[in-house]
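These are the structures, in structure tokens.
Each of the next two complexes has chain A plus one more chain, namely chain B in the first and chain C in the second.
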Partner chain A sequence: MHVSLTVNGQRAVTDVEPRTLLVHLLREELGLTGTHVGCDTSYCGACTVILDGKTVKSCTMLAVQAQGAEVTTIEGLAANGDLHPVQEGFWERHGLQCGFCTPGMIMSAVGLLSENGSPSEGEIRHGLEGNLCRCTGYHNIVRAVEYAAAKMRGEEPPAPEWEEGSA
Partner chain B sequence: MYPRSFEYVSPGSLDEATSVLASTEGAKVLAGGMSLLPLMKLRLFSPDVLVDIGRIPGLSSIEDRGDHLAIGAMVRHADTASDSLIGEHAAALATAASWTGDVQVRNQGTTCGAIAHADIAADQPSAALALGATMVAASAGGVREIAASEFFVDTLTTALEQGEILTEVRIPKQGGGSAYEKLGRRGGHTDYAVAGAAVWLDVSNGAVSSARVALTGVGAKPTLAEGVVEALVGTDGSDAAIAEASERALEGVTVLDDLFGTVEYKAHLAKVMTRRALQQAVAAAR
Partner chain C sequence: MGGGVGVSTTSVLGGVVKRREDPALIRGTGLYVDDLQLPGMLHVAFVRSPYAHARVVSVDASDAEAMDGVRAVYTAGDVAHLGDLVAQVPVGKVRPLLAGDKVNHLGEAVAMVVADTRYGARDAADAVDVEYDPLDPVIDLKEAASDAALVHDDMESNVLLAWEGGPWGDEEGIAATQQTIADAKAQDDTVSVSIEAVNQRLLPMPMEPRSVVADWNVGYGRFTVHSSTQIAHALAGGIAQTFGLSLTDVRCIAPEVGGGFGCKLNVYNDEILVCFASQQLGRPVKFTETRRDAAGSTIHGRGWVATATITGTRDGQILGYELDGIADMGAYSQNFTVAIPFLGLFVGAGQYEFPTHWKVACVHTHTMTTDAYRGAGRPEAAYYLERAIDAFAREIGVDPADVRRKNFIPAEKFPGAATHIGFPMDTGDYETNLDALLETAGYEDLKAERDRMRAEGRLVGLGLATYVEVCGFGPSALVDLGFSWASYKIPSGFNGSGLVRVQADGTASVIIGTGPSGQGHQTTWAQIVSNQLGIPVENIRVSHGDTAESPLGIGTFGSRSAAVDGSATYEAANKVRSKAADLAAHLLEASADDIVFADGGAHVAGSPDQQVSWSDIATLAYQPHRLPEGMEGGLEAHAVFSPGNATWPFGSHLALVEVDGDTGDVKLLRYIAMDDCGNVINPMIVDGQIHGGLAQGIGQAMFEDGDYEADGNLLKWSFVEYPLPTSADLPSFELHRTVTPTDINPLGVKGIGEAGTIGSAQTVVNAVVDALSPLGVTHVDMPLRPKRVWAAIQAAKTNGSVS
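On to the complex of A and B.
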């Protein structure tokens, strides 16, 4: 079937079988392998992308359901070589270890911050409930989102915990 | 994981959708897909034809119809959870929607879809039952209304017939107060309910005048707890009266054990959730 959609600002037109999942269209038809397939059962959130402004799990959506939609993947966040504040937060606050869940975590964090620019720690944890990380214990991911939230508000991010009390 | 091959149809109107369903054997309705697509990926279910109702205009609104609210077939969980009308007249459903799945699932899945799927541990079916909802089913043969008390038949089985689409869930604007409480499988309110209770009740002249209590997660389907209502109506709705009534939550219910709890544990939880939901609903109704 014919599917046309906008991915990271670029129009994409492709022919797929109806059973093709959105994540496979992104990875295999468009070569955007930053969006990961993790659990494949809709639990882990590694495949999270932003579709028409809302986070969705691209492994649990048919590509044909995204007909006409605007999709943003992890590849679409950085602009002109500058990391998105959420990407920068994950870098600065060690929000990853193996990195497999990271693209989905970042997309969910971007979705969260688009609706709530000043989330509490509880709101961040709740906002990421659809994303599983098996390495970090989530702690530094929360710090990374706090960093990004501050940056996006134009404020100085909180100091990393490993520097607290050392000054 | 790819599902088995199927034919995909995206009708532009409800009439077109019902006529495809009527003329195509093995056709299944796709709305948000949050329950259907995982089943298809695991190949537990392989329909020949999917009828995607996601592009039919007019199914995405929550309307105030005077004596009831109407929730359209494509209203997402996130919209049900945050809508001010639902919050005012159907707090139990708003809460149940806000605890359904996770953020991404709530952005894509639909309230009507969750109710039509009728998972034994889902949140919103029990809320619809407690609120005395009416389901509206459309087919090529016309439209019929089904009371929530008649709608849930068995595990993953509703009164919907092949060829019917659940186009709307209607919640009466009935005053009183409602609430939903659960323990989720991943703790707190996250994931399906190990056990949950939805409650609607009204209070007049200081006494509980009428009530409906529905349980989820414990039996084969969302179930009305008539014993609780019998014990509670006519009392002052005090904590003591609620505690006593909650003890009768499982009368007539066959509690099923599963990976998430023994019969004894789930029975205990159901009583606790009933008590908590009743306390909230009484506070809201006063």
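On to the complex of A and C.
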């Protein structure tokens, strides 16, 4: 089936099997492998992208359902090459280890902050509940999102929990 | 957070450096195996057994083979000439590559389908018609240990061996220890407290499912294999061994690896089988697990049932500890399988000094193989010990912290204090660590707060536990105990390796024998080299995971990489530094002894204004005609570090929980950890390792359950049935540390990958049992999901007795 959509500002037109999942269109047809597949049941959130302004799990949609949609993947998040504050927060506050859940986690955090610019720790934890991470215990993911929220409000982010090192 | 408490920090490095690997990962440009698309690449799906135990009557692949885009369907007979899967400790029944006339666990691979597309391979797998004749499975551990029915009818017993100590390998000593404990039990003034507990099976579940791409080049006669593995060199060796190739004909590459936690520390049958398919079909072949594949066919961890007994006097002096357990090996042995409980034996008596008799039998059942999952034997050992100590403390009415302190191995016995099996440990100071935890946490205040809340009718509990870990593997002499990796064609000791090269522009390339699955090697190793050479971290590139370029190393597992391969890299950097001093001395017309490295270059002590840069030094090194006569060109060095012992990190943890008496829901209110992993290279990374480790131990305590049903079914195929902790399930953690450097490596580092997991499950369960103790509950098995906790509360209320 024919499908056309806009991905990271670029128009994409392709033919897919009707059953092709959006995530496989992104990864295997368009070569955008930053969006990952971590489960078979739309549970882990590694495949989260932003579609028409909403976060969606791209393994839970058929590619043809994205006909005409505007999709942003992790590759399209850094505007003009500058890191998005959420990406910066994940780097600054060690919000990732193996990095596999990270693109989906970052996209979900972007979605969360677009709805609530000053989330409490509890709101961050509930807001990211649909994205699993096996490495970090979520501790530093919460710190990363707190960092990004402050930056996006134009405020100084909370200090890191570790002493700023000299190395 | 993370500052030394009550002790001085003696870190050799110790500073936070933001991770060098993150920019690619946060932009989505890291390369994981499943991202790889090679020209002409084919895809694999497996036909897997829906039964735990059955005879395979027939396999009819004709419909599948007739489907468009299907290239081949392979069954056991096609790969019989390759033998069984390679295994490091091949005790018991080793896994066949594909099941032959019998299947022995749910999810066992019966046939491999190769097709043009991922979806097509899956369709064709569904079209393979396998006729099974179901047989009764052996699932229950006690039943398996009784040999009432055999898992493999060509074996005499389901019991493969039992790990037992007392004194290691000394049967008379073991008997004497048992007599000592029996005598203690017979004394009038002692009490014995036992708990029987399940340490349930767990599914490792890294977020990246395993993936492998094999590419046979018929012209060169070589494999190039990309795999999400923790052990690239062992994989290359295993493939070479299986196919009768030399090590130079197999190149394995582990690119970004999306978590491992031990489950990627195996060579898997699928890795061998895609190589076979690529060789047969002359095309690159990819297999990527579905999550369902990962749940049923990647190794599991834990799976013990045991009774732990403490005997002691009413003042808290423990006179004997006994553990009598059975550990589930699953149907087949893979890499380490039977060796996992052996790691538990080492730390069976934890931080304590009392007569200990520890015995765990390893049995086959009709289930998936168990092997190394984060902690691997040590969480199980710590769980039983620390649960039993708490039960004893409750019985005698003494504070659990006081009971522990009274029985610690005293600090003055270190370095070299002996474990209960007589193995010497490196360094330790348990009382200082526990006291630091209690002081930092405000233990007395917390107890008062708990009691105040209890008086309001709330079910609030405090849980304490300590641990000692054995890791940093570790004595290279382990080779002589049969852990030689010879079956992987890499008969290496448990040594590490590193190669440091300063390039002509003054930047450094570091190539290491081990590779990460999220632990931040690129950053930590850059810090080690930067510290020795004074080259800025941003000018150091760390490479790993490609067997064609990296020196032989056995991988990242057992919290070993920094201690072993990090030490090797440290020594390689020192060799480079020594040569660079000669070169700088030549440039500055001075003596090498007077050269000081600072500010990205070198100068003569006292003359910092006459500085030569690393580029100046390296350029000289690569222009041998300018060198003094007899000096060799180039500026690189390789070092191998052979550790004389394992490392023995330790710590103590405290949890505060509240249980909802109406629903059984457990809320983890606070979690405070005081870990000691020796020197710390990057506190940010170390804390991150502890966070993740805690989440996995707490996951076992509260959420995760990988046990099979009695009929051999595994109803845990997705994250719905096998719930990992989510962000909403966990609190922020409160981390602190003491610093007791090891004396067995030059960095003084011990390892931190597994400590959080080893210390935490029993801490949470002790807290929940403490919360329920006013009702008379003395034991609840993990995971502490609401239904189980609620049932324990109801049973206690109706019976007025123990659950």
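For the reader, a short list of remarks on this structure follows.
In the analysis below, the second predicted complex is superposed on the first by the 163 of 167 C-alpha atoms of A that agree within 3 Å, B and C clash if a C-alpha of one lies under 4 Å from a C-alpha of the other, contacts with A are read in each partner's own complex, and residues count from 1 in each chain.
Criterion: contacts are C-beta pairs under 8 Å (C-beta built on N, C-alpha and C of every residue); 3 or more make two chains touch, one makes a residue touch a chain.
Quick caveat, the model's predicted, so the values are computed rather than measured.
Of the two partner chains, chain C is the only one touched by A:91; chain B is not.
By the touch criterion defined above, A:141 lies against chain C but remains apart from chain B after alignment on the C-alpha atoms of chain A. Taking chain A as the reference chain, the count of touched residues is higher for C when chain B and chain C are set side by side.
Of the two partner chains, neither chain B nor chain C is touched by A:159.
When both complexes are overlaid on chain A, the residue A:56 reaches chain B alone and has no touch with chain C.
Of the two partner chains placed by superposition, only chain C is touched by A:46; chain B is not.
By the touch criterion stated above, A:65 is placed in contact with chain B alone, chain C being left untouched.
Shared interface residues of chain A (contacting chain B in one complex, chain C in the other): 17, 19-20, 24, 40-41, 128-130. Chain B makes touch with chain A in their complex at residues 1-8, 10, 30, 33-34, 37-38, 41-42, 50, 52, 54, 78, 101-105, 107-108, 190. Residues 17, 19-20, 24, 27-28, 31-41, 43-44, 46, 73-75, 77-78, 83, 87, 90-92, 94, 96-103, 106, 121, 124-126, 128-142, 160-167 of chain A are the ones that touch chain C when the two sit in their complex.
Taken together, the chain A residues at the contact with chain B in this complex read 1, 17-21, 24, 40-42, 45, 48, 54-57, 59-62, 64-65, 67, 108, 111-112, 127-130.
Here chain C touches chain A in the complex through residues 1-3, 13-19, 21-32, 34-35, 37, 118-119, 205-209, 256-259, 261, 290-292, 517-520, 527, 530-531, 537, 682-685, 687-688, 691-696, 718-720, 724-728, 730, 732-733, 756, going by the rule given at the top.
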